[in-house]
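The structure follows.
Chain lettering (A, B, C, D and E) follows the sequence in which the chains are written, and residue indices restart at 1 in each chain.
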Amino acid sequence: MIDLLNAVVVLSNYVLIPALAYGSQLALGALGVTLIYGILRFSNFAHGDTMAFGAMVTILVTWLFQGWGISLGPLPTALLAIPFGIAATAALLLTTDRLVYRFYRQQKAAPVILVIVSMGVMFVMNGLVRFIIGPNDQRFSDGERFIISAREFKKLTGLSEGLAFKTTQGITIVTAVIVVVALFWFLNRTRTGKSMRAFSDNEDLALLSGINPDRVVMVTWLIVAGLAATAGALYGLDKSFKPFIYLQLLLPIFAAAVVGGLGNPLGAIAGGFVIAFSEVLITYPLKKVLGYLLPDRFEPDTLVQLLSTDYKFAVSFTILIIVLLFRPTGLFKGKSV
Amino acid sequence: MTINYKNIGLFFLVACLILGTGFVQSWNTALFILNMGLVSAIMALGVNLQWGFAGLFNVGIMGFVALGGLAAVLISMPPTTEAWAAGGLRVILGIVLGAATVTTAILVQLRMAAGPARTLTTIAILIGGFFLYRAVFDGGVAAVEAVDAAGTGYLGGLNFGGASYKDWGFMTLISWPVGGLLAAGVAWLIGKTALGLRSDYLAIATLGISEIIIAVMKNEDWLSRGVKNVIGLPRPVPYEIELQESAGFIEHTTALGLDPVTSSSIVVKLGYAGLFSIVLVIVLILAQLALASPWGRMMRAIRDNEEAAEAMGKNVTARHLQIFILGSAICGVAGAMMTTLDSQLTPSSYQPLRFTFLVWVMVIVGGSGNNFGSVLGGFLIFFLWVQVEPMGAILMQILTSGMAEDNVLRLHLLDSVAHMRLLTMGLILILVLRFAPKGLIPEK
Amino acid sequence: AEDIKIGVILGFTGPIESLTPQMGAAAEMAMAEVNASGALLGGSTVTSVRGDSTCIDAGAATAVAERLITSDGVKGIMGADCSGVTGAILSNVALANGIVMISPSATSPALSTAEDNGLFFRTAPSDARQGVVMTDVLLEEGIDTVAVTYTNNDYGKGLADSFQAAFEAAGGTVTINAAHEDGKADYSAEIGALAAAGGDRLVVAGYVDQGGSGIVRAALDSGAFDTFHFPDGMISAKLVENFGSDLDGSSGQVPGTDSAGAGIFAAMAGDDFDGTSPFAAESYDATALIVLAMQAAGSSDPAAYKEKVMEVANAPGLKIEPGQLGLALQAVAAGIDIDYEGATAVELIGGGESAGNYRQVGYEGGAEITVKYR
Amino acid sequence: MIKVENLHRHFGGFHAVDGASLEIREGSITGLVGPNGAGKTTLFNVIAGVLPPTSGRVTMAGDDITGMSPHELFHKGLLRTFQIAHEFSSMTVRENLMMVPGSQSGETLWNTWFGRKRIADEERALQAKADEVLEFLTVDHLRDEKAGNLSGGQKKLLELGRTMMVDARIVFLDEVGAGVNRTLLNTIGDAIVRLNKERGYTFCMIEHDMEFIGRLCDPVIVMAEGKVLAEGTIDEIKANEQVIEAYLGTGLKNKGAAE
Amino acid sequence: MTEPFLIGESMTGGYGRGADILHDCTIAVNPGEIAVIVGPNGAGKSTAMKAVFGMLNIHKGSVRLDGEDITHLSPQDRVAKGMAFVPQTSNIFTSLTVEENLEMGAFLRRYDIRVTMEQIFDLFPILRDKRKQAAGELSGGQRQQVAVGRALMTQPKVLMLDEPTAGVSPIVMDELFDRIIEVARTGISILMVEQNARQALEIADRGYVLVQGANRFTDTGAALLANADVRKSFLGG
């Protein structure tokens, strides 16, 4: 019995919780990507760096607050600073749209042009962030690190395996779920949300219905700013902030958005979990778990690992491709331009 | 006809940029840009074939380029005889077993009637095959990798020149078409499975596959030393040192009043430029002929509306596969050429940003759907890629010129010069597309 | 008197971009010192020309090196940083143009045997040596089972392999030797695998700015490992800053000596940059060696001064510490043999690489302490 | 010519075609009418291989063609037009027509490189043919215009024009008349009859303009709710109570009041 | 002569930088009237409609609504002024459900749209069954019904329809014309393009025959129907 519990705890600690948290992080990023794809109809490569920008502003404000002695008790002070991050990101995105994207929208440029333009924007934002805060790691987390740490858990339960659950993991998971539900509701139930979908479907006809395109675009960027800054800050809190990483984060984020079905918020979260779980689960060596579950005689002396972690990306992409083969526009019937 | 002047003007402009580099900076740098521009132009042609002609959103270019590089190693390096003796056959046997397992499984799927029996047999074959494969293969790999891990530790290639393998530089030329074939083979596999996907879904699938290819090249040390890199590939052109030591060469250069060291590297680069130009011209002519023919028309029709093209008797799936393989093969050839130019294979230098997206930028900025646009884009963007670094520095100097010597902002700005490289690239990209939203030489 | 240009090719952007500013600053500090003395080749000056190696993109790195050599006319290269691009620049550019390269941080064993025509040196030791030192440290601490994770490049792989070989030969057990990719968003899978394999200590052969820290963070958070062992790429003030007392009980080693030089160097760096940042001291020394060799050869021609590098670096001769470059230049000019010790107790062996002195570190009360030198 | 047996096509739980059986006689011009959403277009799509049937069988001159792909069917001489025009919008009007004929030697890569001469000859012939068709459809002045820039009706004409580029055995026309000017439509009707008489093409056409159907078609098949409701001559159909109720209606109620 | 409620007067213009499509073309309609435009394919009927709705730049002539010059207003401002338009092609939101399509028609109306929607469903019963289905999955005729329904949802002052009956079955077409008459009777101006020209002209107060972008004949519907020339060349005899 104890063995069974230990096995469950090991699996939760190294597979379930990390994958849930990582999946939520991906989902938050993927939501922004998927929203831009859904409404403005292009894959935004600058999203990773938008997240970095939002996180950067949040960090700067957090430092300010920390300097003033403001804190949130057990919760990270950064939560207080996120609204400022969002506001700054919103300003940045609206400016970018005004200076860059609007021109191509009016030209009715092909989506791929926008994709390439967004790469240009990515380079510029990337330079901007590194310019302002530098290329290095920055730490800004405070408050309680853990809801429960491995050591406490062991003491509490007397089990030989520990289970750690970080505050940031908790916040991320909760936020992701709330945001997905809210966004889904907003897009499918509210007038503004529907008008945004209408705009993405048929811009000319949206005009004929009296929908104001500028407003739709603005609302989209505002929501994206909220998502990007929140996602960026939460990611930075959980791991650490480093501008370069946000660029790397883009790949799994896109994968999550695509496998879930582009343009669909529910897809983004499903996609996030698919990617996260396939990375963590397939490469997890079962040695310890089996060690608890099987009688001593059968205890494995190898790692019992299906594939080495070298191939964790390969695994998640293989799964992605298999999913797409059966559901060509993702789990939740996404769009394609 | 005016449009033609504009295009010639654009090519002239790029030529001037490269020549200008030669005059202002150095001819070596100019030739380096020229050579990489030639290779990039070929890659861009491959991508243009897929995207511009057929609308296939392939974001896995990096993988095909890397496969070309792999071919360069597999063809032009000497075999590691000890490694072959230690476990070469076992590795090969392992691979054969693996392939046989998959083939048998597929055959079972095709031949047996559907039902639990078939599923069970397939699973049994796959699992049994997997363990058999691992048992045979892993041992072989361990043996191969144990052979002088720091120096070789891999099976090596097919260059039988022995100790003087470096003199067999023509082997690298053979590796170019082989790189194309290797890429084509993998493209065929991918195409068979994934080409049914649309737009961005195909994109992410190809992106993933290219990451998988790189992962394999990074981690399978027995194949090409993984992240330990293979350096010192033979060359199809003479070595600078040889030229510098050859009496005849020194005589010629001094007669012309040139420095033998500089001229040796220029001569070598010109050699590469000649070889690359031949390939580019061939690919360009073939692509251009194909585009301006009923075949090109059919491809454009498929790109415009697959359903209607299918109804008009065009086999869309087969055509997509054809052009996907062709475009990928061209990228493979270019990849082998690039590895030849670098004379080394370093898997970790294959980054999507550099090898996939930069090529896309070339195609789009050049003008997708237009072969000359792709060639122009290849040269121009690579020129920028190299030159934005000094440009970024100049930009910073201009920005800071008015500030006091110890101005904090000035120091901060100068500190961040290195980050201005990508920023400058981004700005230029945005500006170019602003003034030529359909690319510099748009499709007609 | 001429203005001699020296190329400083480091990855100012890319995966080790947080180390390179200090390295570059150290190199330029050496040049400033030389210029201040006015003793070089009858009043010549040296100027730094920076180039971005990107650390990973061999193509970009060779292009930069090419430009520095052929258009800026540099007479020597301080760099490059990462082993991959260093090999590329060496075989494609430096060899062809006959330019001397002294790398402060390329540690791949493969570079020991690369063809170099006597043009390539490094002030960092080969990782083959570090593997042995690491084994000694661990076994002395009574650790005989470890898990190893390395950054998946030639540095990490080379180090992990040489360590595993040395450790197992000495009777230890490596439960798992798994790679991690730098710059990835999440290391849960890697930590899962490492934890499942188990071990008394986790050896992290990575970069502190990169996946290395991510791995340590994830391992600590999930309770997978409490103590670690860090090779050179991980040891830095940053590590302590990041993890504080969580590291207590961990160990590591980094190229370094108890020579007074290291301390002097750190003091010289003062507030300008962090003198204890990895490979900053090596960068200072690499630059110094180039200049001193020029002085010894009486010429800035690489073909001439490449012969002198080993000579000025090794005994016998007048020992030279950081801050004494002016003195050294005068001594050489006066025909006195010198033995450049510098900030890292430079001693070049074999084909021109650092012999490899290491500082063994431990962690106590949230601080890094020096246990001893090896 | 074409025989459809107990054909079903479901979308999720919805039965768009629900057990339809019908026959298109060789050499006939068969009309297919029925209320909006009766399943006519879906039926076409299944026959032409665009949609796989849920169940049922389609044969062409005795050969089973169920589930064959559209391009294979094209080469068997089965052509179709689309109700919502599917022009190749970035190609010129003339290119839209010239791409149609199958097995052009210029569609093989090898020939584009080494068989230029043959291609040039073929192209000339194709071009002449295309121009002839364009003239007939009164859009010859637009031959170098991008097809995407055509007016709604012109696009429909182009749909029709494509089927005139090759020798077909059977042509399925899905509302080619909708949006086409009536005077021109009459000319088109004449051409259809001519092709039918002189070249022996079989036609099957969906149309809501009863006058047009009446002028050309015999027999007329009426579909409703995925099934065949009636079949017969136009007069029989017009007199059929069920058809009137489901499809034809009884004319304007308000007409008088408007004037 | 008093000025008509809506008039596009002497409009000359074309698409982008291309040649002019419209040449001095005039279209007008009054409240409670039905105006019908007929003409051969490519005559510029749809172009004229778009010009009136401001989706195309005209460089000569003007558009006036109720005496006010609206030549330079954007389409969406014209919607706000009470104009509604059903284009000839891509006239529905394919990825939105039928119901959402209708809601979008009433985007600018914030108050009770349920009643109007019920009326639309009564007019086109099939749409009630398919209200939750994506409009892109509908049959051709059903789509057309959605498109017209969307415009009716606006409850406009001017309703502009480009070939509303293309592809709809006879029974629905009759319903539709009936409805149009009803709508006109409530004082709304209706401007439509039709290829089912004879039925359309029968109910039209004004008729315009457009050829190559210019007015060829302008008269009452009945008069045009009676004109042998018009019948032969444009109405199919």
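Assume a contact is a pair of C-beta atoms (placed from the backbone, for glycine too) under 8 Å apart; a residue touches a chain by one contact, two chains touch by 3 or more.
Keep in mind that this is a model prediction, so the values were computed, not measured.
Between chain B and chain E, the least number of touching-chain steps is 2. Mean C-alpha position of chain A lies 49 Å from that of chain D. If you average the Cα atoms of chain C and of chain E, the two centres end up 76 Å apart. Centre to centre, using the average C-alpha position, chain B and chain C are separated by 32 Å.
Touching two or more other chains at once are residues 218-219, 419, 422 of chain B. Remark: the chains found to touch one another pair up as A-B, A-C, A-E, B-C, B-D, D-E. Touching chain D in their complex are the following residues of chain B: 286, 289-290, 293-298, 300-301, 303-305, 307-316, 322, 326. Those residues of chain E that touch chain D in the complex are listed here as 15, 18, 34, 39-42, 45-47, 88-89, 126, 137-142, 144-145, 162-163, 166-175, 177-178, 181-182, 184-185, 195-199, 202-203, 222, 232-237.
Contact residues of chain B toward chain C in the complex are 24-29, 32-33, 36, 149-151, 218-219, 226-229, 231-232, 239-241, 261-262, 264-265, 268, 338, 342-344, 346, 348-349, 351, 354, 385-386, 389-390, 415, 417-419, 421-422. Those residues of chain A lying in contact with chain C across their complex are 13-15, 18-19, 22, 25-26, 134-137, 139, 145-146, 149-151, 162, 164, 166, 235, 239-240, 242, 244-245, 248-249, 252, 276, 279-280, 283-289, 303, 305, 308-310, 312-313. Note for the complex: chain E touches chain A at residues 53, 55, 74-76, 79-80, 84-85, 87, 90-96, 100, 103-105, 107-108, 150, 154.
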